[in-house]
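Order of writing sets the labels: A, B, C and D. Residues in every chain begin at 1.
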Amino acid sequence: LTKNLLEDVKKIFKTTSGTPFLIPTTGTGAWESALTNTLSPGDRTVSFLIGQFSLLWIDQQQRLKFNVDVVESDWGAGADLDALASKIAEDTAHTIKAVCIVHNETATGVTNNLATVRKILDHYQHPALFLVDGVSSICALDFRMDEWGIDVALTGSQKALSLPTGMGIVCASPKALEASKTATSVRVFFDWNDYLKFYKLGSYWPYTPSIQLLYGLRAALDLLFEEGLDNVIARHTRLAKATRLAVDAWGLKNCTQKEEWFSDTVTAVIVPSYIDSAEIVRRAWKRYNLSLGLGLNKVAGKVFRIGHLGNLNELQLLGCLAGVEMVLKDVGYPVTLGSGVAAASAFLQNTTPLIPSRI
Amino acid sequence: LTKNLLEDVKKIFKTTSGTPFLIPTTGTGAWESALTNTLSPGDRTVSFLIGQFSLLWIDQQQRLKFNVDVVESDWGAGADLDALASKIAEDTAHTIKAVCIVHNETATGVTNNLATVRKILDHYQHPALFLVDGVSSICALDFRMDEWGIDVALTGSQKALSLPTGMGIVCASPKALEASKTATSVRVFFDWNDYLKFYKLGSYWPYTPSIQLLYGLRAALDLLFEEGLDNVIARHTRLAKATRLAVDAWGLKNCTQKEEWFSDTVTAVIVPSYIDSAEIVRRAWKRYNLSLGLGLNKVAGKVFRIGHLGNLNELQLLGCLAGVEMVLKDVGYPVTLGSGVAAASAFLQNTTPLIPSRI
Amino acid sequence: LTKNLLEDVKKIFKTTSGTPFLIPTTGTGAWESALTNTLSPGDRTVSFLIGQFSLLWIDQQQRLKFNVDVVESDWGAGADLDALASKIAEDTAHTIKAVCIVHNETATGVTNNLATVRKILDHYQHPALFLVDGVSSICALDFRMDEWGIDVALTGSQKALSLPTGMGIVCASPKALEASKTATSVRVFFDWNDYLKFYKLGSYWPYTPSIQLLYGLRAALDLLFEEGLDNVIARHTRLAKATRLAVDAWGLKNCTQKEEWFSDTVTAVIVPSYIDSAEIVRRAWKRYNLSLGLGLNKVAGKVFRIGHLGNLNELQLLGCLAGVEMVLKDVGYPVTLGSGVAAASAFLQNTTPLIPSRI
Amino acid sequence: LTKNLLEDVKKIFKTTSGTPFLIPTTGTGAWESALTNTLSPGDRTVSFLIGQFSLLWIDQQQRLKFNVDVVESDWGAGADLDALASKIAEDTAHTIKAVCIVHNETATGVTNNLATVRKILDHYQHPALFLVDGVSSICALDFRMDEWGIDVALTGSQKALSLPTGMGIVCASPKALEASKTATSVRVFFDWNDYLKFYKLGSYWPYTPSIQLLYGLRAALDLLFEEGLDNVIARHTRLAKATRLAVDAWGLKNCTQKEEWFSDTVTAVIVPSYIDSAEIVRRAWKRYNLSLGLGLNKVAGKVFRIGHLGNLNELQLLGCLAGVEMVLKDVGYPVTLGSGVAAASAFLQNTTPLIPSRI
């Protein structure tokens, strides 16, 4: 079971050279695994602060005693890759040991361009490790570990795989594995070496894994491959586009500032200043059993979030959009009921789904 | 387990004097149980032909060798209770042994007025048994076995109880039990006497029941009582009204001819003559994974049906309506996308749900 | 799904020419289906009374108005096939329309020889239908519908298939289907013609089946075919032999009077007259959570039954036998603890299981 | 849900003053959580090496940079508490920061006396923290966190709670929480402070927990409290005693050297030198689907282990013992089949279970 899973799970990262680890932990633990196995206390990292989840990862990096070079952007903007380019250009001494980036910032609905990060590093022939949080992107957004030269990529079981929480999936490039040999960050539970030792022995596990989650991963991968990974990604693109059309029709603004950063897994919507977005989230849940995302931290009260990743189809999305419309009206925003649904369904009705329906 | 179930299941029929039977069978078997335990071959029954399910029950009555006095209506009309009144008035010799009526005709979305049936029988002091198919009504529509003097009422596990198929739930009045003592229809598997014998012994079952379905029934009743049976019925009323408003907004006609017959569990929609309703059902399933009901028999190709019973909430219904709109457009009907959703959600948004949301 | 199930389910009957029906009912309903589709009121049947389940079937035959020629044996003996031979020999007028026999009488642990029944019928070229209750035999004992010329065979989902109760599986030979065209027994729910009509249409179901049980049947058949039907039968033979060796070791007598009738799915054990077997069953359940079978009717208080069919392995059986030993001692029978387990495990340890273990 | 769980889970530790943490990790992670939150690199710990699991914990302590004072015993002996007493007596400077002990060493079936550890610390008024691995003891063996003055106790979801792997349950005394304020071990994922922050906010989780495991824990605790925690412990005592009697009857030796250390959750059995215990484990699984434990590390090939913790009853244990007997005979050990079962069942049959059976 594990042997096949380790082989098949590489496909969701689009890697053939990577080594995956199925760690009984959450996304936070997967972050810690990525960092402590490849870096040493005091190492300089460049990390982008663009929303709540990138903030938390930076906080972890600081608490793990790395020297974090924080590149901040507006919440709603993508990672400032020009700033990255400058820093990389200047760093001829190669003091930067890793570039850490969240592929998709769930708090603001921003997707960063990983290919550009790789281009910058290559342009300056900079050896920094390239560490990517793919929690809300992998299996939903276009992700190419090998092509983009990503050194550590990670996700969690409870996002696009639609499994229960409890498994952090981390994938390390050969360069990352090499780095782990000299990285001096203290680690035991998260230590890749223990895994690698048991991989060699063929018993695979340094401690008891959750058999249930392993069978779950098997089923999730089978469903994914049956639909086709590229079809799954195209489905996310299509549903996200429909969502954004609805937001436009409501006359509301996307928190994401430019089209190039639009996220196909979550849309953060800015509400007028006279409305508290938390009230929208509260009413949606209480009155319609609809689970929206709160605005977090800097955007608290200002945005609410519509998630559209994982096992979702057209009608579930349209039902959700209809619910948002009713809640917007409930809280006093002058929306025309049906307007968002109309815009979204006009798009959906005119575009062919790439996948055949399944029973 | 069984003892409590037998006590609690009476509540869904609103009866205190009835005796319930939980039979390992389907709705068709429940019909057979109702008829063979109370009637003898050759007995005259009055039965109303108003759609496919009433047709099938009449067919069963005929094959079981009863003398069926069929009262036919247009498909889309309710049972002709004036005709019933005449027959009952004329039948001073009491040759009519039973009035058999489908409470809610699923094929046409027609709900019959059971209280009126009782009034007619009472007015003429006619002793005919009153047998009611409540398959698509009980636990979803207002149903009062004792108040309306119903002698046998029946439903199935897979309808408003949202359980798997496999349990026919039949409830007999004291008068029906009395009739079973002299009814000569041949029956063994469906014989109430075998059940009654084991009820007395306290072992309850003449043959092995499905323990799984009994636990399922326990859970379904608990959910029902937690929400409140009257709240469940009000929820069905509310969602059905929203559905009918959407149909109006689309410019389509309800198959149900008069408001008094509108069904709160299913809406049958008439399509223009240039459209084949079966194509709507096929595309809804194939393209949007949306399960609509076909037009059956006389209304084949002419109507499609939207079911709205059981475990359903506002957003699921609105998602379904959005799907119907897209399919209507797909097949060439000039619908304004969003129009039905707008009409339905305007109603839903302005009316307070009677039940608090649950996690 | 249904199409493949109907094809695959024939394998458990070892028939290629039979037509299977998957009826939402219990074993009792399957009996009724077998009888009412092939016989007419007043038809003469020969039926063997050898225990509680054959008794119940005879009762059903009588209530369905057949003229039942009952051949009685001691409880513990097999069907009296000499008596059958005489009756068949004498019946040159072919008044006997069907021979009805329970393959394995669960109440006494008796397996009847179906091949001999066929030989008798063939020897006298008698056209009687051959109807077999295979509820506690099919998928566990050697059963050959085509080879033994069985006209209707039936089983239930909850026996050797280890599924929940709720599906009666009936298989009819071409001769039985032919008989159904003229059989005048009243039937609707159980009528094969309704099934056959929908088989032709390709929609398969005259009424809503339990999808859950159909998926269950799919899984049960897959498990069965993976182990191999013949291996499954050999496993039952092996575990039954071990059980009988334990009974011998305890110094108790098998209720089954001759070795030729020993059942490989259930062993009925006679207790000394000073012990009430019901007390054994009660204590086994209360003290050890062990479910034994009561002695029924004529053998009430005199026998208890050890079931060994379905999904059972060596250690589960030995645990059960150890439990029986403790209960026997509890109720005052002078058993040597461990003696039955020793006898059974000596046999099991020295014989090679035919099947590899599975995870 | 979480609020009630945090309250109820304290009962399994028998603490009222402790603070529990439900961490999405395994036992290994729970160890790391206990150590890094209370200790700083360089801190001196006393730790007992008595088998494979204590060895692994010591390895973790060393890799986390503590100064581990290892007290080694024979594998099969308990922790050397005399040595502890000497060290504590000598340590008037209080250089020992923590005593780390595995309550039940799973590899050798040894249970250590925690009350004595507390007595030693109290006798010398030594302030060392008292950290206990209760993975294979809590909910199965007598465990009293408050009474024995334990500072951190921990277990995992997959042991006596019979849940899937994935939740480390750690409970900290007020003194441990105090220590966490100054402990400088680097930690983020395992940091109690993050939990405590969210406890105060009433949102409870610093990152996404597994809802499924939380519901599972609710169900496991309900079952435990329904049986009664003390009854559960008594059941383990009773089944363990029966197991040891079987081992005696087979003429084999318990790996545990003295009765005071006998474990009531696992029995390690020494095989004669001419037998490879791994072969016993292999055959038990392959031939009888029986899962025994391998001898680990120093006792590899020399012992096999019978686990008897969690949801287990008499007959399951006896079936397992019968299986062991057959395997012993298979590998050439001259055991009398039935002898162990006889010894065990004689004990079980003569002692009254403390708990009523349940359905």
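The rule is simple: contacts are C-beta pairs under 8 Å (C-beta built on N, C-alpha and C of every residue); 3 or more make two chains touch, one makes a residue touch a chain.
The chain lineup, named per UniProt: A, B, C, D = alanine--glyoxylate transaminase.
Note that the structure is a prediction, hence the values are computed from the model and not measured.
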State which chains count as neighbours of chain A and simultaneously of chain B. none
Rounded to the nearest whole Å, what is the centre-to-centre distance of chain B and chain C, using the mean of the C-alpha atoms as each centre? 38
Whole-Å separation of chain centres (CA-atom averages), chain B against chain D: 57
Would you pick out the residues of chain A that each touch at least 2 other chains? none
Touching pairs of chains, all of them, please. A-B, A-D, B-C, C-D
Which of the residues in chain C end up touching chain D in this complex? 285-290, 313-320, 322-323, 325-326, 329-330, 336-343, 345-346, 348-349, 353, 356-358
Taking the complex as given, what residues does chain D use to touch chain A? 24-29, 32, 41, 60, 63-65, 156, 158, 164-166, 185-186, 188-191, 206-213
